[in-house]
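Chain lettering (A, B, C, D and E) follows the sequence in which the chains are written, and residue indices restart at 1 in each chain.
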Amino acid sequence: MWHIIITSLPEMISAMLQYTIPLAIISFILGLILAVLTALIKFIEPSENKLIKYPWLALRAIANFYVWLFRSTPLLVQLFIIFFGLPSAGIELSPFIAAVIGFSMNTGAYASETIRSALLSVPQDQWDAAFTLNFTTRQTLMKIVLPQAVRIALPPLSNSFIGLVKDTSLASSITILEMFQVSQQITAKNYQPLLMYSLAAFLYAVVCSLLTLLQHYLERRTSKYVKGSEA
Amino acid sequence: MWHIIITSLPEMISAMLQYTIPLAIISFILGLILAVLTALIKFIEPSENKLIKYPWLALRAIANFYVWLFRSTPLLVQLFIIFFGLPSAGIELSPFIAAVIGFSMNTGAYASETIRSALLSVPQDQWDAAFTLNFTTRQTLMKIVLPQAVRIALPPLSNSFIGLVKDTSLASSITILEMFQVSQQITAKNYQPLLMYSLAAFLYAVVCSLLTLLQHYLERRTSKYVKGSEA
Amino acid sequence: MISLKNVVKKYGSKEVLKNLNVDFPDGKTTVILGPSGSGKSTLLRSLDLLVRPESGTLDFGDISLDYSQPVSKKKSFDIRKKTSMVFQNWNLFPNLTVLQNITTAPMTVLKQSKVDAEKHAKILLGQVGLAEYADRYPSQLSGGQQQRISICRALAMNPEYILLDEPTSALDPELETQVLLILGELSKMNQSMIIVTHNMDFARSVADKIVFVEDGDILFDGTPDDFFNHPTTRIRDFLSGITFNDNEALK
Amino acid sequence: MISLKNVVKKYGSKEVLKNLNVDFPDGKTTVILGPSGSGKSTLLRSLDLLVRPESGTLDFGDISLDYSQPVSKKKSFDIRKKTSMVFQNWNLFPNLTVLQNITTAPMTVLKQSKVDAEKHAKILLGQVGLAEYADRYPSQLSGGQQQRISICRALAMNPEYILLDEPTSALDPELETQVLLILGELSKMNQSMIIVTHNMDFARSVADKIVFVEDGDILFDGTPDDFFNHPTTRIRDFLSGITFNDNEALK
Amino acid sequence: SSNKNASDTKTPGTLTIGLEGTYAPYSYRDNGKLEGFEVDYGKAVAKKLGLKAKFVPTKWDSLIAGLNSKTFDVVINNVAENPSRKKAYLFSTPYIYSRSVVITKDGSGINSVDDIKGKKIAAGTGTDNYNHAKHFGAQVVPATDFQTAMSMINQGRVKGAFNSKEAFLTWKKDHKNTDLKYIEIPESKLPVSKIAPIYNKKSTKLSKQVTKATKELYKDGTMKKLSVKYFGEDITKK
């Protein structure tokens, strides 16, 4: 058994460093950007100016549809359609790009709801105070509301990220040799799926635990200003 | 194409009704019970009585380990170990029971954190008021704190349930012929993976959307008492 | 009568109550005054065991309790049975209707029948002018209404003493008046009460006894007449609302 | 001078401001009084465009605005530039330090340099006795301190008028005194102010003009002397804090 | 087979057979029922043993895990004998002699198996095909199922695929206009794969019984009949 572990670990760790972690990180960052945009589209009420209002409402309808679609269908199917389905529409993507798109859009859909509810939980009073000081909507968002919302959204977002790390295993279905797929290939030779799966689980657990530590660190850093309220 | 859809749909729906939905519902209910117990073990401070205190702290250590373990390893691996690993320890489970155990324990781990944070968000004031009225800890929990916590935890719990519905597709790896596996078997003959996956996605989306409607209904029912505060 | 003797309460290394001795007589209204952070709430909560001082004793009728010893469930139950707390922010249970807020404790703790508990609750609601609000939820009522309901909730337990911690400071002046009138009524009916308040007019009109706390010490324990009409320098400063230099407090 | 003419504000079908006409003179302190829910906050917020009345006009120096017309960004900017609001619950930005709370708007909106903005902020902090708190976060301060900082934040914008909505009602009496003393100073320096308050003693001591609002109507507009010394029946009732029968209000 | 009840099956009276059910024409789903050559073969063997066949469809890894933990009595899933498998498991006598082929597009430049060297070739993870393709120097891209491999060739994502000839022929029946073709691999380069039922090491008795039953099925012509039904020719002989 130890022999198997020692020979497989380097391969699995290298797959992890090469695919699992970059996929998770890149997709999460892009997903977060998408999530913030989507959340803002759903959150900001358009001005009455018709040239802005109708396009904005159309955009919002798209955002609503996007969030509904990606939250109510399985991630595996999303990846499959992006990789194998889009070519019939003339869009052919490399596996890695397809995976990044799939994971980002999926993460974006879930995270946008997290961010939107965090935005909603910043009280109207903060907006009033900022408007009174003649901040524009954009300035209020950037300087006052988003920083507070990020603080609130951090724990659920960290959970999403940890979930994403584990979900990268689905990338194997679009031909990416990520860590879990590598463990399956090794299984095909040593016929020890249970052991190899446990080994994979162990590696995921290590990464997730490290990420949880990072989360606690970030929470402590960003909660500087709420410390007083813990007393 | 319509021919394929019309011939596959009944099979897929029947697999859904037979496995996907019962698995999701049973596991969610059991998972919720487990989650509440785990959350309470982590939440309630033991009395100073040593006969209670040390067993309680031991229980809490177990609860912490359980939550960490099931949150930081992939669900697929958990199912695999329960079904294929436990027999070597002399515990042989039917696939359905193994799936229910795996899904419940996974859901329980995630949901326990949701419930715990909901419990924490009920203000200390409510406890003080109840203690002043001579409620016991148990009475306070049951009559005052849990009802309020449930209201807070409902949206994230509904999301977990919707996630669980989609995760039941993993049951195929422990020999359960759930809906997604059926769609793959059909694919083997009709060579239309994209279409079949989309069909599966559609069915998941229908179920998830129905569940979301149910969630909104429950939220409205349980939020009766916060209505006034929306004004 | 409730007597506290040699009560010491610390938070960390900070003594918040410094060897306090004080009596709260039966059938009278005792008003506790003092600057913010002086320990008034801590003192009041010690009576109801929401705060556990490190040492000292509490005598309450036939019950006596040593804070430095573990308190049995029975003793804590008995003490809380004789007292009821009304909080600054009301702390009504948002998940229960007004009626349920009042009846749940009598039914659960005193094992009253539902019929009896509701009958009593409705009488109390009538007395505070809220008979028609029984089926509403607390969030649908104004602050003054909520505070009156929390007084009903306390009275429904038939306590010997009602403890009130700044019962009107979260209300605006008109709502405050409503609540103060009700407390005035209770005081006239010789309900034993201990009230922490910042409203000097109210203190003057309702108090049978004044306790002035500063920095965990009792600086005055006597009649309202002495307190308001023959104040010491410190009390006079307090009454005229002297400000502190925050920069000094910081250092 | 700020003049409102024929201002009507509705929420749903309910008229909250009923064809109001009122002036707020330059360099004076106008105090708005009235029972809860009478429309005081709505009136004050209309001046700062946080509330948009359905009709009426606002004249403010060289700017005039018709509420029933769309308001250009520029006009809204100019009006808000001349006014600054201080809120009941301070509404400081919890993610910014005390200093940043004061300097962010001058830097972002008025394009002041960081050095200038901080210099001005520190002078203001010194004036309210909080010079040493510049680097703390709002949650680390008491209510009275937070309210003083929110006054600094308003003053840092060099507004012509400061609008204050119950600036001390969330404070306990001693903290209230601190804030009221500062407002008294400002009033003496002929800062134009419009204050909604429930504190009659303060109103009496600081007001140059009293506006009494009830039910969306102005029932009194005149001097403090007239208001306090020659009150109408309704004002006398108000001043003595008459309670309402809630059961009637319910019907 | 009078001592049929002595079979060491997991559930007495039942032969529990593991397979994927996602590989036509070996096993797949049609009209709501599991069908295919291996399904019929499994039924025929079970009948010979006096047992009821019970098919348990699951994933490839789960088939291996299930063998290890004796979740199935036997796995009949296009598993080829090879030395490493023989070390870990037992096989009965083969029921198919399968030829792997290289599937590619016309004009792809691949004319013999040697041409796949350095090219992207699709094959299923954990299959013998995967190992063989690697052996010939291909850059193997994992494909989850047969259709996926074909799509990847059509979309130009890979140059070809390594798979069983029979699977390709079956697929071709449904895709008559395809420009995909197969290239045979001479036996000198790649020996024919012996496809056989595979067992946990402990199931010596059962594996022998199945060998005996299979031989009977050869003798009575069942094997040929089934092969012709699903493959159009007899591939059950060497």
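Everything below uses one rule, namely that a contact is a pair of C-beta atoms (placed from the backbone, for glycine too) under 8 Å apart; a residue touches a chain by one contact, two chains touch by 3 or more.
Remember, it's a predicted structure, so these values are computed and weren't measured experimentally.
Identification of common neighbours of subunit C and subunit E yields B. Across the two candidate interfaces, A-D and A-E, the one carrying more C-beta contacts is A-D.
Once the centre of each chain is set as its mean CA position, subunit A and subunit E turn out to be 39 Å apart. We define each chain's centre as the mean of its Cα atoms; on that basis subunit A and subunit B are separated by 21 Å. Our note on geometry: subunit A versus subunit C, Cα centroid distance of 50 Å, whole angstroms. Distance from the subunit B centre to the subunit C centre is 44 Å, each centre being the mean of its Cα atoms.
The multi-chain contact residues of subunit B, meaning those touching 2 or more other chains, are 80, 84-85, 193. Across the assembly, subunit E contributes residues 61-62, 65, 68-69, 148, 151 that each touch 2 or more other chains.
Counting only pairs that meet the touch rule, the chains in contact are A-B, A-D, A-E, B-C, B-E, C-D.
On the subunit B side of its complex with subunit C, the touching residues are 48, 125-126, 128-135, 139, 143-144, 147-148, 151, 224-229. Listed in rising order, the residues of subunit B touching subunit E in the complex are 7, 10-11, 80, 83-85, 87-88, 172-175, 177, 181-182, 184-193. Contacts from subunit B toward subunit A in the complex involve residues 68-69, 71-78, 80-81, 84-85, 156, 162, 166, 169, 180, 193-194, 197-198, 200-202, 204-205, 208-209, 212. Within the complex formed with subunit A, the subunit D residues making contact are 48-50, 70, 77, 80-81, 83-85, 87, 89, 91-96, 104-105, 108-109, 136-141, 153, 157.
Listing the residues of subunit E that touch subunit A in their complex gives 61-62, 64-65, 67-69, 84-85, 88-89, 122, 125-127, 130-131, 141-144, 148, 151-152, 155-157.
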